[in-house]
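Note that the chains are named A, B and C in the order they appear, and that numbering of residues resets to 1 at the start of each chain.
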Amino acid sequence: MIDPYYLQQLAIGLSLGMTYALMAIGFTLIFGVLNVVNFAHGEIYTLGAFAGLVLITASAPPVAAVVFAALAIGALAGFSLERLAFKPFRRFTDEASLKSRAMRESTLLSSLAVSIVVREALEIVFGSEMRSVPFEYLINTPVRVGPVILVTGDFIIFGVSAAMLIGLQYLLTRTRIGLGIRAVSNNPLGAKYVGIDTDRTIIMTFVVGSMMGAAAGILVGLYYGAIFPAMGFVPGIKAFVAMVMGGLSSIPGAVICALILGVSESMATTFVSSGWSDMVAYGFLILTLIFFPNGLFGAGRERV
Amino acid sequence: MNASNTRQGWLVPALIGLLVFAVLPAGLAAFDRGYFYQVANVAMIFVLLSASMHLVTGVAGLLHLGHAAFYGVGAYTAALLATKAGLGFTWTLPLSGLVAALVAFLVALPTMRLVSIYFAVATLAIGQMLYLVMLNWVEFTKGPNGIIVSKGLELFGFSLSGRLATYYTVAAVVMLCVVAISRLSHSYYGNALRSIREDDQCADAMGVRTVRLKMEAFTLSAFFAGVAGSLWAHMTGYISPGDFKFSESILILAMVVVGGLGSLPGAVIGALLLILLPEGLRGMGDFRNIMVGMVMFLSILFLPKGLLGEVSALRLVRQQLGAAWRRTDNGIGIGWR
Amino acid sequence: MTHLLEIDKATRRFGGVVAVNGVTAHVDEGELVGLIGPNGAGKTTLFNLISGFTPLSSGTVRFAGHLVNGKRPNQVAHLGISRTFQNLRVFPNMSVFDNVSVGAVGTLPQGPFGALFGGAKRADEISERTWQALEAVGLTHVADELAANLPYGRRKYLEIARALAMRPRFLILDEPAAGLNDTETRELASFIKRLHGQGLTIMLVEHDMNLVMGICQRVLVLATGRKIADGTPDVIRKDPAVLEAYLGVDA
């Protein structure tokens, strides 16, 4: 029988990992599957959280409405982001792929710039301190499951992640839209030639991915009870790490690696102070980039 | 037909020298407000940071998202050498540069073969890791409390800590470094770096040792960032991790992008713009970062070549600074001397 | 007798596909050799094997006695091989002069310390070589023009000038006549002949039969990764295997 202490530690790590997985799913859809370099996903996550917070402080509606608000804001934000920071750089869809490296770097810079503007705007409007979520909305009531203690949020996040994961896998592999997304990511010009509306496909992917990001934001916000403008930056990087470790275009892979990351991080904090815990993610990233060019599971990367 | 117009060759540098070493200090001394001196010094230091970033990102094409961390390595080296070993600026200046360059070299060794976007993310991770070290290794770096550097600038024992002397020292070091960066960028070596940016596979086929040159560009830019760090440490007298976080790397990147990727005059202009503008529009404190983001975004969208794009900048340098090998029949300079 | 370029049972596999299959061939100093074959025969892959762009799966390539296997493209360039590209890879945001100078600085290198402290000597050497290469292709009048602004035909000559600035012992041209009209092709043919006349060893891949048969001294024929013929243009013209390869796969 395993010592319950270690089981609890594992549970803590898995919970942490699930919060990363929640964000990694939407992130991987846009970056990994659609093959678009998006540096602003962390801010969509934050916007989702703030949308929920604003609604809560304004009219104290039921939790479902809060999540719905986050989803709506996420969809709107994703759409706007795509139109603002990505569409203008697709003017050169007819030029040779020589342009593509420059274009990807432009979109990296433009999405980075947008993310800065959004984050700073949030700081100006809401201030940079942490806002706490009112007690009634927190989803961290403890629940005993055998030898370990989890919280209600763990189940909710797990459920939502599973739903998103299954939904996306179905979408990507069994539907025409999903096929369209994969076609566009593989060869945008070719996809156009066979009649796929690349613009619409890209917009839809952004909207779906951003809704997931926003949902992640509000759920994590309700889980930890703290919402602040810079909250998306570090989780965004960790979602990126999970995605790269998972082989870039595999959403299930990203989820598994997010869990690995969460468990590793919480194990690390038993040895060093929590200030260093982010090092785990950065370390994994560097190691994966250098030693596992095809991700941990050899699912393939080198698509730039 | 080998003559470059020697009269034009020294005119512009002379004017710049006059501005920086005579006109500006005269103005500073006349107004004699500590605040103006501070702004001038900060602007010069960021000119150096921007110029060093120009070399690695503008010329060599390596998107670097962690440049401020090497600036920080230099600053911490200077601060620690000054406070723990009692060394003066004469020593900390070169050592800060060398330590930053060494760290960059070690970082570059495993990561240089990564493709562009992944290299960029790797530099982001490295920058964050260095930042975490500054923040958490409290025994060594004093963590978030930062380090107070009581030794001002000096040279070979000669104290230069008065306001005007500080200004002249900062200006002299920055000018010297910018000239060095100019000679690197505006040369056939610079052309080799540019070819790597344009098409590194093809450059390799032309005999350019791409991996080695990328490492050189990365290491050299870190050296200059480290030098800027030592200037900062001695000039302001206090450093803390917050001076070197990710948003500072983005600020420097924005300077280069706004000025024009590949253009050294552009990088200088970008630095001056993004430092002086928020100072000019006083009470902008909180708005600085949002302004940086907006300026960067608008510039990428509407002025992708930057304020003074590479093509114009290279022509300018060849015309005005006599850097060309010869002139074509139309009087345009080509090649490098 | 040692050949300048020796290819011995060179093979390149990409997963299940064998692009080049046990090709053995040679090129001697001073020759002008053509490489032809139907689409997909492995010609560009063979070029990539020779220039170090892609590694050999088995077999060897030797240049002037040195093993090319496992060398990076810049090392192969330093051995004396320079090349152009089928899909025209000039450096778009650099001027014509600067483009060609990269060929010169690659093989006559100037490092950072040379740029910082060195006198004008190395720079002048590079400048001279660049100018001479531009004169050879007749592009000196557009030296300051941005490469991206050059018309297609001129860009081909720019690539060749850049390769010439490397002062190669062996120049390989990958479909130099692609996209050129008849007049331009004729000009190109006489240009290549002139280069060859000046002592340069050249190998070219081409689809334009008139060009290849017209100027090449010897022709290698590839089909589905194998060498099926090797001889003078007259011999190749009548070779039944060659005819079958071309007519048989006519789509």
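Of note:
Quick note on the criterion: contacts are C-beta pairs under 8 Å (C-beta built on N, C-alpha and C of every residue); 3 or more make two chains touch, one makes a residue touch a chain.
Keep in mind the model is a prediction, meaning the values are calculated, not measured.
Two chains share more touching C-beta pairs than any other pair, namely B-C.
When every chain is reduced to the mean of its CA atoms, the largest separation from chain A belongs to C.
The centroid of the Cα atoms in chain B and the matching centroid in chain C are 40 Å apart. Chain centres here are Cα averages; for chain A and chain B they lie 34 Å apart.
Chain A and chain C, compared by their mean Cα positions, are separated by 47 Å. Listed for chain A are residues 98, each touching two or more other chains.
Shared interface positions of chain C, defined as residues touching 2 or more other chains, are 89, 92. With touch defined as above, residues shared between interfaces to two or more other chains in chain B number as follows: 199. Against chain B, the residues of chain A that register as touching in their complex are 37, 85, 88, 98, 101, 104-106, 108-110, 112-117, 120-121, 123-124, 233, 237, 240, 244, 273, 275-276, 278-279, 282-283, 285-286, 289-290, 302, 304.
Against chain C, the residues of chain B that register as touching in their complex are 180, 183-184, 187-192, 194-195, 198-199, 201-210, 216, 220, 262, 310-311, 314-315, 325-326, 328-330, 332, 334-337. If you check the complex, the residues on chain C that touch chain B are 51-53, 72-74, 76-78, 82-83, 85, 89, 91-95, 97-99, 101-107, 109-112, 114-116, 120, 122-124, 126-127, 130-131, 140-141, 143-144, 146, 162-163, 166.
Against chain A, in their complex, chain B makes its touches with residues 63, 110-111, 114-118, 120-122, 124-126, 128-129, 132, 135-136, 199, 246-247, 250, 253-254, 257, 286-287, 289-290, 292-294, 296-297, 300-301, 304.
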